[in-house]
Amino acid sequence: MLLVAFAVAPLLAGTAFGQDAAPEPGPVDEYLELVEASGGAELAPAFDFFTVSMLWTVIAAAMVFIMHLGFATLEAGLTQSKNTVNILFKNVWIISIGLLTYALLGFNTHYPVDSWQIPGWLGINGPIGDLGGGENDTWAYGGLSLAMTAYGDFIFQAMFAATAATIVSGAVAERVKIGSFMIYSTILVAFGYTIAGSWHWGGGWLSQLGGGEAGFYDFAGSTVVHGFGGAAALACVLILGPRKGKYTKDGIKPILGHSMPLAAVGVFLLFFGWFGFNGGSVLSANPGPLGLVFTTTALAAAAGGIASIFISMIVLKKPDLSMALNGLLAGLVSITAGADSVTPMESVIMGAVGGVIVVFSILFFDKIKIDDPVGAISVHGVCGIWGTLAVAFFGGASFMSQLIGVVAVYAFAFIFSFAVFFVIKLVMGVRVSEEEEAEGLDVAEHGAPAYNLN
Amino acid sequence: MLLVAFAVAPLLAGTAFGQDAAPEPGPVDEYLELVEASGGAELAPAFDFFTVSMLWTVIAAAMVFIMHLGFATLEAGLTQSKNTVNILFKNVWIISIGLLTYALLGFNTHYPVDSWQIPGWLGINGPIGDLGGGENDTWAYGGLSLAMTAYGDFIFQAMFAATAATIVSGAVAERVKIGSFMIYSTILVAFGYTIAGSWHWGGGWLSQLGGGEAGFYDFAGSTVVHGFGGAAALACVLILGPRKGKYTKDGIKPILGHSMPLAAVGVFLLFFGWFGFNGGSVLSANPGPLGLVFTTTALAAAAGGIASIFISMIVLKKPDLSMALNGLLAGLVSITAGADSVTPMESVIMGAVGGVIVVFSILFFDKIKIDDPVGAISVHGVCGIWGTLAVAFFGGASFMSQLIGVVAVYAFAFIFSFAVFFVIKLVMGVRVSEEEEAEGLDVAEHGAPAYNLN
Amino acid sequence: MLLVAFAVAPLLAGTAFGQDAAPEPGPVDEYLELVEASGGAELAPAFDFFTVSMLWTVIAAAMVFIMHLGFATLEAGLTQSKNTVNILFKNVWIISIGLLTYALLGFNTHYPVDSWQIPGWLGINGPIGDLGGGENDTWAYGGLSLAMTAYGDFIFQAMFAATAATIVSGAVAERVKIGSFMIYSTILVAFGYTIAGSWHWGGGWLSQLGGGEAGFYDFAGSTVVHGFGGAAALACVLILGPRKGKYTKDGIKPILGHSMPLAAVGVFLLFFGWFGFNGGSVLSANPGPLGLVFTTTALAAAAGGIASIFISMIVLKKPDLSMALNGLLAGLVSITAGADSVTPMESVIMGAVGGVIVVFSILFFDKIKIDDPVGAISVHGVCGIWGTLAVAFFGGASFMSQLIGVVAVYAFAFIFSFAVFFVIKLVMGVRVSEEEEAEGLDVAEHGAPAYNLN
């Protein structure tokens, strides 16, 4: 009955609420104007869905933003207290320069649309300009597959952009020159990440594999964000060399992190932000995929944590906290490529395998004397490969396309990063002096220690 | 069919706005397909409301997740630095195993629906399986009283599940064996919490009191989450005994927490997450209750904080920070059962009474030599009783039903926890040796300290 | 016309889906009841838009809440460890008393509506009472320009209210008496902030400048929140005097902050919360402005950070972390007045200018021996002026109105704060003794240190 009432009501509304006279101006009129402004009658039925989708986009952007605090505290916690100011400074730099360069050229390079210079491969373009008004603010901008305004699209992607450079920050910690890192990270985030990203998310050649039928699939960026960062980090670490005193004649001398609470804060914040990272990658508030993505993301992280805990108990003979924390992150990276296309139990397997891989990978890199203070290459690089390939095993993607995508992005990231960092090394050096390394970068480079107990 | 109905509107609109030609296929068609997929024409009018409700559910789940970081930092801050790795590790364990066991059996045990083994009392069931597709992804899943997809329901409840075990973690800190705690917490979160919860939220006997007319009322879990955790904690603490050196012949020797900033970070994060805990328990984005719940939650916390501050100034002769922090939490626990059913001024009273209770309760437990390093039994257990009964005083619930609910859940939690922990004690012990306790659990159990200043 | 189109669709729907038989009761009926309860048929088309807008309001309120943790950790990090408990305590106090007084009189004083005692200037009124039910819970409450329930309006504004007092907290740190500050901050948040705020957001005289045509424009509060706090802080600092040992015969002796990680956590949390502060000030989920505001907010912060980094490298000859952090905040304060009315590139300029200003301002206040341990006067007060005037340069506001608004609010805040703090000084003193200052406020005032390493 109510349904009838409701159906009739608006019609009657004309009559019942006095539409003999023109309607009083009120909230509904304001609303209808808004709907009409938002693409006109054509788009009206979808206006509210669009509104909630756009809201989710900006909230997800804020959640991805807080991942940068997660990276900052995780990296700081896992390194020595004498290099803490340096790490925090690098993270302030990266989020700031990442957002700015993404506005200046990154967004239009990442998504060249019709302005490729080399179609499918390269489209370096200019600033965003004014993205508001007209279709940019409406449902017409991206339809259901990108249910956000152009500004929503920009800010969500901008928050992603800085992530790749942040991953490198952890791997080069405790010995990189701050000026050199500032230049390197700017080039990486402005050009490296955006070019590689355009191959996949920008509609470039990776998305067109198999005539588009068997395109490379990387839902939220196991490869194009995390793998990219991990491979870029590896190149830098090879050029930089290990920290003094880490690998001695008498074997590996662990350099312990200075604050496990900071590290734990970092991992929990990253886990929290990952709900925005993966969840926001649904690109709308579509309830079906949204619920699935939150569930697979959480379960993969949990499985990664549990797996790392048990493996560390077996291999290291103790329940190791830093392995447990890396296990959570390993699970998260492992599900990022396929969060929308696997079942909960598959996500548990994907995360658990990631949690096993990360422990052995960290031990392996240490064995071959590649010194990565926070395990970034293992967490983001190695688990990124697993996560991306796993979409072929579980999520129905083409294995060949996944493999091509991994090889292409990792190779590009490694070579781009190596070339840029090597040139910077030739021009101005990339590593602080032995005295500065011993003193710590905080005082040597920034003139102030992180802690002053009194 | 719906497509037709909807399609007409834009067409008519087309006339109104002068669209002589038929509309081009575009975002609206995608949207209409989505609406139709989501339960068909029947549910169409509600689709956007459902979408925003589901979005709120997953955001609230993320906010409840971050409470686990709050617990981790609060517990770490209020205990000694030599046990910090242990506390952080326990919290990584609990959130991970909590999510996993909730997928494996918790969800279907918490909400047995039609698969009770003992109707209204016990329904231990299996894994979640694939919860997506069909009615599970639509409004039809739970109507207005549970306006979320099945995955949304799962992930929100999964985040709650681990909370009970986390409460215990704080109370047993600084002396519990890590292996024993891992086993205990797994059993508690997998079976204890879910069985007790099924009595109320699962449609069990507590919800049917008075023929369902006077059912036990516990909006977001003062009793079934916080009280459960507090009562379970009490049982463990009785078995464990106090920390060495706490209660001496010369009286109580306070063991100070090692970092008040960590503790404060924890409480503020818990306060923040509580907006998801209580707000998400509206189970939709219904604007009326949502605004009320946010308001009563915030005001009760504030009143609890202020009350604890003044009481501590009178009783302890100083403005005590840890009492102020516990006061905020006391206010939050005190409003959790009735956040949706009292006025703002009533919420102030409920929170303030909680803030008074918590100070005296903490002093009382210390006096009777029940050693709870973080005050968890007082904050969650004692204030949980007050909060639940207060719904009878202010929110119109039946006092008898509230009392029965409290007694039943607290008794079950205490007995279940006591039995499990006691068996573990017999089999493998629950307490570290005196040497290990003196050395600290970080080095003794985990092989690494939390802090390395250099 | 669109209204007609909408009206017809449900009616056709009735036919198209064979409503020969009466519909089964189900979720849709519940939904329609809800819609009808929410203002009736009149408001039906806008119900879902209202729901998502209200959801955004409460989420934004939670994000502004977390800014209080940001302030607490930033202030603690930038001061000495012996005063950390004191700072944390002050922040617990402020958020608690801020919320309570806002319920008791703040809300109705901030928005006197029809109960001005001196129209446009002063309207001190009583408690909020029951704000739920009827039009208070519907779209009718504030239309499109305030698309939230009355409770949503209350809780969002309540979170803002405490901010002004928090800004003062940082400036008076390390020497203020806790009891005096508790009284002062209560009066400031209950009366000072709400009265000044009523001039602008409450529909008072500032909003009516130029007959309302050229009203003072301050989108989210560069002046009425941040400037207010900064000016109030200046008054207190002048009365208090500098910390012992800061300004000596031999020049300025910097007193270093004790934990840069805490400070960085604070700034990142403030940045995160600012998305709620500015984004929530859209006062609905309107996708167009929401995307713009998130974008300008983020870009201004980034530009502020980068500008401060480069200026500090030039002026201080090193990449200074605390300047970088203050630069982010400076950018955020600088965009707060105009976040909805400038382009992205204009927001970059506004933020960058803020980032330059803040460095010189901090150096300037130190030179004239105004001791502000955390730079609050510069960040909030000085950048608040710039941000407000910049809306005239970039956003089309009247320069004269902006200037009048700044002068009026800053003068009122300064005089009100000075008067209150001075009276408290006469009655009970505002500064601890030299011995207490040397010992640290934690032990002297609160009886417990913040850190206990063992």
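Observations on the structure shown:
Letters A, B and C mark the chains in the order given here, with residues in each chain numbered from 1 onward.
Everything below uses one rule, namely that a contact is a pair of C-beta atoms (placed from the backbone, for glycine too) under 8 Å apart; a residue touches a chain by one contact, two chains touch by 3 or more.
Predicted, not measured: the structure shown is a model, and the values here were computed from it.
Judged by shared residue numbers over all numbers used at their interface, subunit A and subunit C contact each other through mostly different positions, with under half in common.
Between the two copies, subunit A and subunit B, the Cα superposition rotates by 120°, quoted to the nearest 5. Note on chain placement: the centre of subunit A and the centre of subunit C lie 29 Å apart, centres being C-alpha means. Of all residues in subunit B, those that touch two or more other chains are 6, 9-10, 13, 16-17, 45, 48, 52, 55, 59, 259, 265, 451. Touching subunit B in their complex are the following residues of subunit C: 1-2, 4-6, 8-10, 12-13, 16-17, 23, 26-28, 30-32, 34, 38, 47-48, 50-52, 54-55, 57-59, 61-62, 65-66, 68-69, 72-73, 76, 84-85, 88-89, 91-93, 95-100, 103, 127-133, 137-138, 148-152, 154-155, 158-159, 178-179, 182, 259, 262, 265, 445-454.
Every residue of subunit A that touches subunit B in the complex is listed here, in rising order: 6, 40-46, 48-49, 52-53, 55-56, 59, 63, 80-82, 139-140, 143-145, 256-261, 264-265, 267-269, 271-272, 275-276, 279, 285-288, 290-292, 294-295, 298-299, 301-303, 305-306, 309, 316, 318-322, 324-325, 328, 343-345, 348, 451.
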